[in-house]
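Got some structures for you, see below.
There are two complexes below, and they share chain A, which is joined by chain B in the first and by chain C in the second.
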Partner chain A sequence: MLSGAEITYVQLFLGALLLGGLYALVAVGLALIFGVMRILNIAHGEFIILSAYITYWLSQTYRLDPLLTIILTIPIASLVGFVTYSAVIRGVTKSFDAPIVSSFGILLILQAGMLIAWSGDPRSIVTPFTADSLVLGPYLLPLVRLIAFVVSVLALTSLHVFLNNTHLGRAVKAVSQDSEAASTLGIPVSRIQSLTFALSTGLAGLAGGLLSLLLSFTPTLGPEYLLKAFVILALSGIGNIPALLIGGLVLSIGETYGSFFLGSGLRNVVAYIMLVLILLLRPAGLFGNLKEREV
Partner chain B sequence: MRAIKTALPILLLVVVILLVPIAAADNRFATTLAFIFIIYTTVALSWNIIGGMAGQLNLGHAAFFGVGAYIMAISTGSGLHPYLGVLLGGLAALGLSGAMVPLLRLRGDYFAIGTLSLAEAIKIAILNIHAYGIRVTPDPSLGRFENYYLASAILIATVIITYMILNSRYKLAFYSIRENEKLADVSGINPAKYKIMVLMISAVITGLVGGIYGYNLLYVPAEHVLSIEWTIIPIFMVLIGGRGTLLGPIIGALIYLAVYYVLQFTITETSLLVFGIVLVLAIKFMPNGLVEAVLIKSLGVKRTSII
Partner chain C sequence: MLKVENLTVEYRRDIEILKNVSLIVPENKVTAVIGPNGAGKSTLVKAIAGLIKPKKGSITLDGVRIDGTSADERVKQGVGVVLQRRSVFPQMTVKDNLILGGWRLRGEKKVLEEVLNQVLEMFPDLKQRLDLKAGSLSGGLQRMLEIARAMMSRPKILLMDEPSAGLSPLMVKHVYRQIDILKKNQLTIFLVDQNIRQCMEAADYVYVLELGEVKGGGRKEEISGSLSDLIKVWLYLEQS
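And now, the complex of A and B:
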């Protein structure tokens, strides 16, 4: 017979496992933009939170089914991303990390815009099935987390298939490996980059929509999700979707047990400590193979 | 000749700053405005050393400021002389910068995220301990007047440090690290050494400024002193004015203060929005800052060297 403490630990593990899929989805958008454009999009967390608000807004205004609103959120987020990219980031000088400062400006604009539109009060979406759980022996699998996990894994799998098995996906991969060579082969690099940005923010849209079902959110939570995405990328590198999934699981398990033992307020401190540990244990830096591109 | 040209407006500015509390003794508003200007300009100049000259995009600058203010509040609370507390605040920021050294291994954009998340983590950790901030008991002999001159002294020291760097070989080392770190490395410059140096210099200055700012406020709310605005504002000033120059951040600070004045002295959503938009436009249309943009226009020359 399992003791009460053991049941708690396993229950925590199951919850973390289900959250990990969503975390991987949070990270994949950041990885895509970085891989294809070599731009670290600091506003990635803001796109996720904005999507959570779009889902919230749609479900409040039109009384739509939450799962349906998530599907509607994806193209909207994608469009916002595309417009932002075309207006702000494209054509900016690449010296002195100018794109990252631009994306920092986008972070401010989105965060302020959300504060103006929805105030700083935490919001959450309550669905008819929010309180439902799948019962598995002594354990409970919350239904929303289960949905988020399944949808995330499905999205990541289809992205994997898209990147490896379609013509367009392989063009994206080619640009990420060597944009100049891709250009000489007739791949429209600039168009692929715009597409990648739209794809990445679309994935942020899906992640934000799922997130809005799981957790409450405020306009200033963006950097928190950026940190999560960054820790995952540090763990698993970019360009490897299965590894991202594992990275997401490691982070969510670390966070869950960390906040269980240290108090939930220190959740992000756990993520940061993980980041520092990775940096210390891999002194060559993250993504060692990509560092040579500079010269 | 060129040295005199830059030194002259700055000397003038220093004189004006030093005269404000005496000339406008009855005008508390003018003195407060000048105090804010001093604080912002110093923070901007200190960010300029690491971010503008050496090109290390530190997005965790607020942590230095906040930790400086916080340590000052704690040590003053335990009976220490307030200005010794300010000094301790500076030293604490120096210690923090030591903890940030491993992050310097990261290339530009990773360094930016690493520092941003470190600052956020520190803020969350401190908010967990002191959710409502710390009240500072004032020393009766040290009022606004004294605080003003301590802050001015820090500003003047920072101006002198910046001036000295810009007229030494260090400038070349910093600029070459900014432009191409690998190239700098193979040219016999040790990037690690200079990066640690700029990080520490900018940390100490910011910690001291945070300390005196907190003491002048007599209240140190973690939410405010560790707020991301202390990172945004200096970056804004440096990028608007001109990276890696002495005059640029000062002009940026003047512009910022004007915006701040128009926006009614509050960091609200609207001002964040305005700063975001200006930042984005500035990067797109004048990536080298106002000083450079005006210079090119008035002289009709474009710089050709990599610095």
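And now, the complex of A and C:
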């Protein structure tokens, strides 16, 4: 017979496990852009939060099913990403620093825009199944988290298959490994980079949409998700999607137990500590070899 | 036929790496450009490949001007390239590298498979290693893979920049044997190499490039006078 404390620990573990899939999805877009273009998109977290607001706005305005609005959010986020890349970032990609500064500018503009449009009050989406859970013996699996986990894992698996088994996916990988060599094979590097940015923000769209079902959000929450993405990339490297999933799980488990024992206010501190420890003790990540990182 | 006319390339303003370079690469022949380090040989290859934008001059392939197009468009126009540096995609398999070489045939699955089989016939060493990661191959085999990958686009002309760079003497022979096979398959090859002896043996036409200028050139057997003496000196220096 399990004690109450043991049940609590296992329950926390299950909750963290389900959140880990979404965390991996949060990180994968950042990894794609960095891998293919060597651009550190500081505004990645804002794209996620903007997508949460788009999902929120669509579901509130048109009274649409929240899961359906997520499907609509993905192409909208992709389009916003593509336009942003074409207008602000593409022209400065030859330098490493300039895109960082540009994306910081995008971060500020998106934050200000969201504050104007939706104010700083926390928002969340309540669905007919928000309070539902799957009962497994003494444990509860919240349905929304379960859906977010399954959708995230499916999205990551599809991306893995796309990158490894299609001509376009192989081209994305080729550009990430050696863009000059890719261009000498006829691969349109510039178009592949635009597509990658749109794909990355589309994934941010999915992550933001799922996030809006799970947690409350405000316009200034982007950097928090950027930090989570950094921690996961430090854990997993940027080249390996299954490793990203494990990285997401490790972070969510660390955060969940950390906030349980230290208080929920210190949730982000746990992430910071994890980042510092990884960089100090295993700079190549949990799985890796610094030289072998790729998309 | 590839025709380069009055090609001038500068890296920074007023520093000209190539000065009014003109040469002709006849169809189905091997044309070599030889010259010392810093002569501008690799810059010439990169300019023809579309990786460097020339300041002035023209490049035509079979009568069509190609100098205004990007590197990827040039592949569609029939230019294949083997870069001087290692350029395989190390994390991808040999087969994936080859399939990427056939990027412009990606919509024609059957044709792509046919071309892959033809290329593997020419490069049997790769046939047994299709599922290995390209980065795990030896330097020589990586070079073979780069050549085979460039052949996947069915180029009209293959540009090869220092194919023997960084290879053991045995592998250099192997690479040049492969170049001979390509030559017998009626491929037009534009070759740049510091290995002057091998280069001269493989070439039908030779140009001498020094300090960014073409000092002369033409059919190998017809090179005479001071140019011939210069080549003899380089060959002597290479041997000693």
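Things worth noting here:
In the analysis below, the second predicted complex is superposed on the first by the 278 of 295 C-alpha atoms of A that agree within 3 Å, B and C clash if a C-alpha of one lies under 4 Å from a C-alpha of the other, contacts with A are read in each partner's own complex, and residues count from 1 in each chain.
The rule is short, and it goes like this: contacts are C-beta pairs under 8 Å (C-beta built on N, C-alpha and C of every residue); 3 or more make two chains touch, one makes a residue touch a chain.
Source: prediction; values computed, not measured.
Shared-chain residue A:239: touches chain C; no touch with chain B.
In the superposition on chain A, A:173 makes contact with chain C only, while chain B stays out of contact range.
When the two structures are aligned on the shared chain, A:183 is found in touch with chain C, with no touch to chain B. In the superposition on chain A, A:276 contacts chain B only, with no contact to chain C. Taking chain A as the reference, the larger set of touched residues comes from B, when chain B and chain C are compared. By the touch criterion defined above, A:140 lies against neither chain B nor chain C after alignment on the C-alpha atoms of chain A. The intersection of chain A residues touching chain B with those touching chain C, taken from the two complexes, comprises 294. Within the complex, the chain B residues that touch chain A are 55, 57, 59, 102-103, 105-110, 112-114, 116-118, 120-121, 124-125, 127-128, 178-183, 228, 232, 235, 239, 243, 269-270, 272-273, 275-277, 279-280, 283-284, 287. For chain A in complex with chain C, the residues that touch the partner chain are 167, 170-171, 173-174, 177-178, 180-189, 239, 292, 294. Contacts from chain A toward chain B in the complex involve residues 39-40, 42, 88, 91-93, 95-98, 100-102, 104-113, 115-116, 223-224, 226-227, 230, 263, 265-266, 268-269, 271-272, 275-276, 279-280, 283, 285-286, 291, 294-295.
Remark: chain C residues 49-51, 70-72, 75-76, 81, 83, 87-92, 96, 99-101, 103-104, 106, 149-150, 152-153 touch chain A in the complex.
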